[in-house]
Structures are given as C-alpha cells and as structure tokens.
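Two complexes, one shared chain (chain A), two partners (chain B, chain C).
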Partner chain A sequence: MVNLKVNGRPYTLDVAENERLVDVIRYRLGFMGAKEGCGEGYCGLCIVLMNGRPVHSCLVPAWRADGAEIITVEGIGSESSLHPVQRAFVDEGAVQCGFCIPAAVLIGKWMLDKGLAKDRETIRWAYKGLLCRCGSYIRFEESVLRAARGD
Partner chain B sequence: MDEETIRRFEEILKAREFYVVGKKVARVDALDAILGRPIYTSDLLSDRVLWVRAVRSPHPHALIRSIDSSATRAVRGVVDVITHREIPGVNDAGSLTSDRPLLAVDRVRHYGEAVALVVGEDEVAVDEGVAAFRVEYDPLPAVFDPVEALKPEAPKIQEEGNLINHVKIRKGNVEEGFASSDVVIRNEFRTPFMDGMPMEIEVAYAYLEPDGTLTCIASMQNPFDVYNKVVRILRLPPERVRVVQAATGGGFGPKSDESPIDVAAYAALAAYRNRRPVIATFTREEAMAVQTKRHSFRIVNETGATSDGRLLAWRSTLYLTNGPYYSKGHLVIQRATFHCTGPYEVPNVWADGYAVLTNNTLAGSTRGFGAPEAHFAAEVQMDILAKKLGMDPLELRLKNVLRPGSLTATSQRIDDNGLVMCVEAAARLSRWSERRQECERFNRLNGRYRRGIGIALLYHGNTLGPEGEDFAVVHLSVDQSGKVRLQTGLTEYGTGALTSLAILVAEVLGIDVRDVELLRPDTRAVRNSGPTVASRTTVIGGRAALDAARKLRSILDPLAAEALGCRTDELVYKDGKVMVAGDTTRSIAFRELVRRAIGMGLDLRVEGYYKAPETKWDRETGQGAPYNQYTFGALVSEVEVDTLTGMVRVLRMTAVYDVGKAINPLGLRAVIEGGSIMGMGHALFEEFVHVDGVPVTLGFQGYSIPASSEAPLEIVQQVVESEGKIGALGAKAMGEIPVVLPMASIANAVAHAIGYHIKETPLKPSRVLEALEELGIAYRP
Partner chain C sequence: MLLFGRLGLPPFAVSRPSSLREAWERVASGEKACPIAGGTSLIPLLKSGLLEVRELVDLSGIGELREVRTENDRVFVGAMITHAELMDLGLTALKPVLEEFSRNHTSPHIMNLATVGGAVANSTSSEDLLPVLMAFDANVMLYEGDGGFEVPLADYVARRDSFRTALVKGVKIGSSWDGWRFSFGKLSFSSLQLPAFCVVVGAKLSNRKVEDCRIAVAFAEGLRPGRLVAVEDAVRGRPVDGMRFSEVSEAVRAAVRPAGDVHFPADYRKVATSRMVALKLKEVIGA
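On to the complex of A and B.
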C-alpha cells in the first residue's frame, strides 16, 4: 500500500513493485498533464513536483512516492486563477506544440517557490532536464523572469 | 456574393490599420496548454485498450524465407497476429507513391521495416509476442551510398531502378560563364541524415463506434492522407471511417509523412479485427528508426565570378540519399535544386539534382524540405568565394542578391525588395562590421578561445508550388452567443498557424480573437484541405479563412445595414460591434446581430476556399516560375570556438525575415527563436548515423537535440514586410523557414573564427578539432 497526496488530495493505492510513478499519476489517477517521451529520464516530459522538487516521474518507482506530496500541472492553477508562471507563459507566447509545457510550467513554479528565478543563466540551467524540440527555451526564461517580476 | 461586399472587403484588406492583425494576441489554444488540458492521443489509454506492436526487420535488405507466429500466439495476453495476408484491402502505406507496403510481403528493404503486427492486452504482452516471433531472412546485397546506388551493377531496390528523380536547371550558357570568370571555385559539401524528432512519438487510437464507424484519433499533420490510406488498407466504405487529429506534440515533417499512416493503420486493423479499442505507438528508438529522416545530401558547387565579385556561372550537382521508398524524396530534391544558387542572381546556371534510393532507413519530409542543405552548400560557397576575392562576405552578397527585377536560377522574376531589406537590417542590428573587427582583434590574442561572426541569406519558394495542389478549406459557424467556430483540415502542431486564421477571422468580423474557437480537424466534419506542410497554413489557409469570414459578412451586412439605417458599405465591424462609419453612436452588438440572423432562420455556417495559381516550369531546363512568392531572410551568427576541445558555442544570433505581413507576431517570435535553435542543433551536433544501413544513434543517448543550456543567450530578431503576391494580406510562409539558415550561418561564423571553412555538418567537436589541428591552431595548454 502506498499513501500519497496528489494536488492536495490523498490517495491510497496498491502498487506493483515495478510500477512507475508516471503511470500511477496518468492512468490510475487520471492526471494526464504529465507526458512521456522516452521513459529513460532524458526528455523530461514526465516531470512533476515531488515534495516540492522536480522529478522525472518515469524514473521513480511508485513505492518511492509513499508519503510524498506530488504536484502536477493540474494542481497549480485554474482558468479563473492562473499561477503567475502560467499567466506569463501565455503572455510571452511560450506555447508551441504544447507537449512539454506542463513540465516547463512546473519547473518555473519550482524556481519561483525557491527564489531561484533571478537571472536567465540560472533559469536556463534549471530547464536543462527538459527537451523542447520547438525550441521555446528563451520564452521559458522570459516567462519565469516575468512571473518573478510580478508583471 | 454581391460585388459590393467583395469590393469593401478588398478595402479592408488594404487597410493600413488593423484591429487584431499584427497585434500581440495570445494563441487561442495557449490557455488550455498551460493548464494541461489538451488531449493528446496517449491520454486516451485505459485498461480495456489493446496494444499493437510491429515485428521489424533487423536487415537493411533481405528476402523473407519464412515466418512462424506459433510461439507468439502462445504468449499470454497476445490476442492477434496480423501479417500482409490479413490485410483486407490494399497493402499500401506509401504517403504519395504506392511503393511501400504496410507489412512486408516477401522482401524487406530497410532496417526496421514492419513484417507483422502483434496485438495484445498490454505492452508487456506485445513486447513478448514480438520477441517470440520467428522470421527467417535471406540477406540480399544492399547499397547505402547514392553514387554507388546509381551504378548499373548496384542492387535494384525498386523495379524502376534507384534514381527516382533527376531535376535539371539549364539557364544561359554555363561554359561561357566560367570562361569569362576571373575566379572559379569548386567545393563539395555534405550533410548527414537528421531526425525531426517531435517530442510526442507517433501514436494512434482506433475504435469501432456503435454504428460500425471505425474512428481513429491520432497525432499527425495530415488527417486526410491518413484517412485515405486507412480506407484503402481496410477496404471499408469511406463513410465508415473517421479520422480526428488529437492535440499533436510536434510535427516537423515526419508527422506529415509515412509513420503516422503506419500507426493509424496498425490501430485501425487491430481494432477492426478484434472489435476493441487499440492504441498503436512506438518506443522512442523504434520511432527514430522508422520515421522519415532529413535526407543526407552531397552537393558539389562550382562558381565563377569576376574579380570584383559579380557572379557569372554556377554549376551544382546534388545527390539526395533517400531510403528505399519514395516518401517525399523526389520532391525534396526538386526544392533543393531550385534553391541551389542561394538567393543570388547568376546569369548562367547548370544544375543536376538526383534523388536516389538506398537501403538506409526512411527519409522524407523534414522542416525545410531540402532548403537547409541547399543553402548550406550555397552560402558557405559564397563565403569561400568572398575570401578568395578578398572581399567582405556581406559586400559580396549585396553585389549579387536578388532585387526587384532579378531573375532566379529558374529565371523567375523577383518583384519585391524583401531580401535587401533583410540584409540591411541584419547588418545594422548585428553591428556586422564592428563586431567582425572585434572578433579579429580578439583572435589576435591567440588564446584558447576564438570568435567569429558569419552571415547567410535565404530565399524560400512559398508553399507547395510544384509539390502539389495548393488549396485550403476553412469552415466557420456562429452560434447564438456570438462565438465563431473555426474548423479546417489544416492542423495545429506547434507553430500557432491556426491562431493566425482565428486572427484573420476576428479582424474581418470585428470580434475578439478569444471569441473564435478552434474545433479539432475531423474528416467527418470538414472537407479535405490539403496537407499541413510547406508552411502554408497562414498563407493559403489564411486566404480560405478570409473567404469564409467574407461569406459570413455577406449574410450579416444587409441585416446590420437595415438595423442601423445605413448602406452596407458604411458598416464598420470593430470591438464586438457593428457601427456606422463616421457615426459611432449608431451601433449594434455583433452578438445581437447574430441572434437576429439566427432568429430569421439564416444559416450561419459557411465554407471558405482558396486555391493558389498553378505554377509552371519546364522539366528539361528547370526554367519557369515554380513558386508563387518567396520569403527572404538573413541570419547573422556569432560563435566562440574552444580550440582545446573543438566545442562551438553560439553566443548570439540576429535573425531578420521578410514575412510579407506579420499577422501573428507572438507566434512569429516563438517560431523564429525555436527554428533558429533547432537549426543550431543541425549545425553543431545532430547526425543520424547508419552503419551498413543499421541506425546506431537511436534514443536520446545516441542522438542529441538542443537543450536549454545550448541555446544562444540572445536571438535578436526583426521582421520586415514586403507584401507577397498570394498570401493572406500579403503574408509569406514562415513555419519552416527559420531552420533553413543556421547551418550555413554558423558554419561561416566558425570559419571566421578559425580561418577555414568546414564543408560538412555537423560541426561537432571532433570535426572542428581536426580542422584546428590541421591549421596548427589547436590549443595546447
């Protein structure tokens, strides 16, 4: 049995030994914001926040999340009250194909939460674990800076 | 439609001031994206869904002696095995040419070719089923090099031979041109296979509706290509098949090509046979093996010029290495050959472009479609010529660029001044001369790092031109609330082009872009709108959107005129209202107008259509006008070369493009930045390697794409507007274009840094280091 909180709501689940956190989040709990692009920890599309930190959820066995608090893109804002990073992504035109955007938004939120969103150099290193083939990296940086400024 | 409406509409088109067009408006689908709401195909996966996976050839060329599926059928969870014998219709999955079977019959022609499908309860079952499948092969002689493949003794990959297209350009008298030249240079350039690598892997979900319709939801660029093949492969009545494009996580060409047909047909076949929903997808490695790659090119350019830098003659020989099936290779060579001289006026041109089948994995449509490779070879050639003549590279270019009245390599007359505008803006914004001198001063210190600045220019024939029927259909409907719904067979997969269509509609109807809703492309709801390729959505689709909006206006105008007591030509649609020109006190809300129209029983569903003029050129001489209009651009790159490691870092780029008319500036900015970064990857490290036809760079560990840390710190950009002949409001194609120049521009910058032009991409550390050592400037600590 694994107890975990996802987006503020507690869940108790029976998980298999080889079950991955990404599959639990997506297919058992229905939070489809987390995507999968390689299953090997390279692309970062499956990034979620676990106890406040970004993790590649394809590399985390579900049992490791026992007692953890998980945040997915569905858990940080809504249409009527967007998270500042989400607002900034819209205003900066950071969305292209959209597939990596949930992970990109979560990395931005984490930087804001930790007070890391100071300069572009720091932000671009934070995004190193996420591949965006559309090449929106500079837009991500500008978005996080904009959110940090509170524009 | 009455003449009056059309006339007034033309006035709107010519209006200097737009209300929505050219303003920084957010993408209509951005809100969904940042909330994680779009439904991508794999989000449909559930416990009751069957999986399907292909048994694939490990050989680049072999006869199939026998297959044995008995062990597979015994695997727990395997429910079905499908070979070519089980295909109810035609075994044809070729996107344009019917040369590629969905499942091999008696012969495989490339590594990874599908031989059979295993259907099972979950991924583990199909993986085990595939592993248990026995195929006996008799390997055949194979050929991987295009020049080898053209020799008479080479193995014949298709019945008609290995040469699938020979594109010719014969302009002027090239021999005379060379004879009158003071300087003649000849260089060979090479570019490797590359992978478009959309982040979302190809995936399709198929199920049977209660009424027997087979519905397929998939990640793709061209729903109608997929639809037509599914109908043919399953031999179903066309009305019993429905294809819907799900949110699509990147296209870049491969998703317009062969692999989306494969996954859709796999899912459809398995769903139809087993009467259950099926998901078909690839592993990342499998996707990279089977999706169409950017073709490898070998280009020899020979150029003659006067001592003061006037181009007199240009001879190009281009070899495109295709996979064993056509895909789009015969068209890619055409675009590459037409653009072989770069954007310069050369009086005498002779070019031969050959597209050649080999037993490498599939290659086909990839963002840029042959233009990045042609421009790399042309623009590095121009730089080498400048060096030979002792001229500044910018000066040499300005002397020869296409200006109004110039004739291209195909003798097409250029009417607009877009290119000169781009070059001048790029030189100014990048502080070209100043920065060039600064780099040279820096390099005189002879330290570990060297810096360089380089430029490259482009022209890009717009939209399909000779590559296919260039038309689009856009459907609009309005409901009681005044919301406008836009639906088309053109698809969104990243560039924001459908937002451009929404912007155009909002402009004509005077409403907020947020009141235009995009509905998913659905073959049951829309007419075929041609493929979403060739950067044609804004240009061609935009014209269809304008036509649809105009048709709505022709329905609404008489009502509005009556309500406001004015003539229809006095109406102004703006800010969600319809007003009388010059008297803003008289107005009616757009929503109210729509309500009245619906109350009167008027049908507010319209269909807009546009078809570009057909383009003509002569196949024997290549002379004519293959494209309706051209996009122009200039890209300056500044690099730092680490002479210890051979690593190249792009410090800054200055990108200027003539977009004709900027309709969606936020979208343009993202596409220009993103395309520049993608192109930087092509320039510096992307290389898809086959060894004897077997890919060795599978997965992200084998094939790198740019990460955030590798992106240039700064991409300065500007757009200039020199109205295009056919595009919506004069817009020119931009989706693919930013990926065309980085290879050439960065290679020229590296050459400025190290004093030598490397003629093969990628400019990876080992290759740069080799050059540095040869030049004696590798750093020894």
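On to the complex of A and C.
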C-alpha cells in the first residue's frame, strides 16, 4: 500500500511493483496533465512537483512516492482562478500546441516558490530537460519573469 | 511491457532492506537482484529491455546511505544523497565546479532524483559527476558482507567488474584544497545533456610553478572516465610562464582511448578532450 497526497487530497493505493508515478497519476487518479512522452527522463512532459521539487514522474517507481506530496498542474489553479504563472502564460501567449505546458507551468511555479525567478539565465537553467517542440522557451522566460514581478 | 499502447516497466519484485547487510545479501544472492538508488539510469534501461532484473533492491530505506559527515579532513557523502543535495551541502572547494556542472550541463529535475551512489555504481562517462569526484581525490566506500572497505574512485571505475557484488555506501572527498583552482568543461548534446567530452582540471601554484594538479576526463578508456595520472606527472613542477600547452594536448591524446559512437567518433573525442584539457589548464594556472 502506498499513501500519497496528490493536489492536497490523500490517497491510499495498492500499486504494482512496476508501476511508475506517472502511471498512477494519469491512469489511476486521472490527473492527465502529467504526460508520458519518452518515458526515460528526456522530454520532461511528465514533470510533477514531488515534495516541492520538480521530478520526472516517469523515472519514479510509484512505491518510492509513499508518503510524498505530489502537485500536478490540476492542483495549482482553476479556470476561474488561474495561478499567477498560468495567468502570465496566457498573457504572454506562451501556449502554442500546449503539450508541454503543464510541466512548463509547474517549473515556473517551483521557481516562484523558491525565489529563483530572478533572471533569464536561471530560468533557462530551470527549463533544461523540458522539450518544447514549438520552441516557446522565450515566452516561458517572459511569463515567469512577469509572474515574478506580479504584473 | 506494452499495455494499452503504453510501454511500461516489465514485472519484477521489490525488496526494501533497512540495513546494508540485508541489501548486500539480496544483491549478492545472484538472482538477478539489482540495487536501485535514484533510478534515473536504471528505469530507462528496464523500460527498454536492455537490463532484465528479477528483483529491485530499494536502497532508500537505509539511513546510513543518507548520511553526510566530516571525518578528519575528508567529507563522507552517503550514496543516496542526490546531486541537488550535494550542491546544497556547500562544499567550498567543489562549489565552482559543481555550479558550472549544474548550471550548464544538467537539469534540475534530474538532479533532484540522481544520486551520488548511482553515478558511482554506473561508472560510465554519461555520469559527469565522476570526473568531478575523481579530480577531488574521492574514494568510494564499499560494503560487502564481511564489512566495509575503501577504494580510490578512479580504481573502482577502472575495475568496476571486480566489485560486482559490493554495495556503494558513499564517497569520501578531500576537503583541504586551499590554494587550488578547478575548472569544469564539457560539450553536451540533446536535452539529456549527454557528454561528447567532459574534463575537470585543477591546479595549485607555488612560485609560478605548478606545484600539483588533477586532470580527470570522461571517456578516458572506452566508456569509462578516469584520472590522467601520466599527464598530471608531466605537468607537475612545470613553470606557468613556460607551459607548452600543445605538449599537454599531445600527452592527453596519448593517454586517452575513448569509445566512439554515432554522434562522436573516437578520434574526435580524443582531439576535443586534449584541447579542452589544455584550455582548462591555461585557465586554472592563469597563463
């Protein structure tokens, strides 16, 4: 049995030994924001916040998440009340195809929470390991800077 | 395992030992039991089928592997300390090198999962941390059923297969590096930041001469990183002002035998590594 909290709600799950965190989040709990792209830590589409830090959920066996607090993109805002990073992504037009956006938003939230959203160099570092095929990285930077300024 | 169009992990059992002894017994049983630390290399290998295991031995419940302590003039860093936590330890001498490594050559998301012990146990050049640790005279603390022992990291990596059943308990890193300057250089490709080549060079000067130096590179021998002791010997004692960097490059070319791959042929790696070592040596001695 694995006890974990996802987006503030506790779950107790009987997970198989070979289930990964991304499998549990998407297919058992239905939080579809975390996507499996490559499944080997290459694309970053499955990034979630685990105990406040961004991790590739495809690389974490589900049993390793026992006792962990997980935040997915579904847990940080709603359509009527967007998180400041989500609002900034909209305002900056950072969303094109949208496939990597859940991970991009979570990385932005982590930077804001940790006070890392101060300069472009640090923001670029934080987006390493996330593949955006639309090439929206500059817009991500602008969005995170905007959210940090509180615009 | 293909399930509803998803490629998941194949089936395996998991054991969760609470002591090194228990973990070692599982791994040494020879029943395709494999220790798992951060999983950043292991999980993709399992998924792709390149590695088959019957049992994963989860090391996360062994408190000893999370320890960090100072012993005499060396710092012990437990095997389960992540790369991100290693950065946060604030080890003064390693700081500039680790910052360069972190800032430009890896991603924070991987650093939050990847562990020191996992990098050591992998012993391949995709682990940039290894040349860093080698340059700082790291020793590997190993555990087998009859107790623990210590091996220089470069020896461990070079003879990795001899330590097949030993568990990596952690590394001990020298902490007295007053007067030294270190530099990290790497060319990486893809978002995985895989190294084309990677070098760490350190030097201590005295009266405008190289009193001592450290040179560690990825792909020193095939896929293994290593210390270039012969090149260090050739550089040690030389005056800064008369340093012939082309000779240093030549010595590196003679010392390394890198593996090639579809991206970077062995000859390219050899030449690029030799140039980068010379460049970094120039930087740290201020020539």
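In this section, the second predicted complex is superposed on the first by the 151 of 151 C-alpha atoms of A that agree within 3 Å, B and C clash if a C-alpha of one lies under 4 Å from a C-alpha of the other, contacts with A are read in each partner's own complex, and residues count from 1 in each chain.
Everything below uses one rule, namely that contacts are C-beta pairs under 8 Å (C-beta built on N, C-alpha and C of every residue); 3 or more make two chains touch, one makes a residue touch a chain.
Values in this document were obtained by computation on a predicted structure and should not be read as measured data.
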Between chain B and chain C, the one with more contact residues on chain A is chain B
Once chain A of both complexes is superposed, is A:V60 in touch with chain B (first), chain C (second), both, or neither? second
Figure out whether A:C132 sits in contact with chain B (first) or chain C (second), or with both, or with neither. first
Just chain B (first), just chain C (second), both, or neither: which does A:L112 touch? neither
I'd like to know which partner A:L13 touches here: chain B for first, chain C for second, both or neither. neither
Between chain B (first) and chain C (second), which, if any, makes contact with A:F140: first, second, both or neither? first
Should A:I47 be classified as contacting the first partner (chain B), the second (chain C), both, or neither? second
Under the contact definition given at the top, report the residues of chain A touching chain B in one complex and chain C in the other. 36, 39-40, 42-43, 125, 128, 130-131
State the interface residues of chain A toward chain C in the complex, per the touch definition above. 16-20, 23, 36, 39-44, 47, 50, 53-56, 58-61, 63-64, 107, 121, 125-126, 128-131
Partner chain A, residues of chain C touching it in the complex: 1, 6-14, 36, 38-40, 43-44, 47-48, 56, 58, 60, 84, 102-104, 106-110, 112-113, 190-193
Touch list for chain B against partner chain A, complex: 24, 26-27, 29-31, 33-36, 38-40, 42-43, 45-47, 196-201, 247-252, 283-284, 493-496, 666-667, 669-671, 673-678, 699-701, 705-709, 711, 713, 715
Going by the contact rule at the top, pick out the chain A residues touching chain B in the complex. 26-27, 31-33, 35-40, 42-43, 45, 72-74, 77-79, 82, 86, 89-102, 105, 120, 124-125, 127-128, 130-141
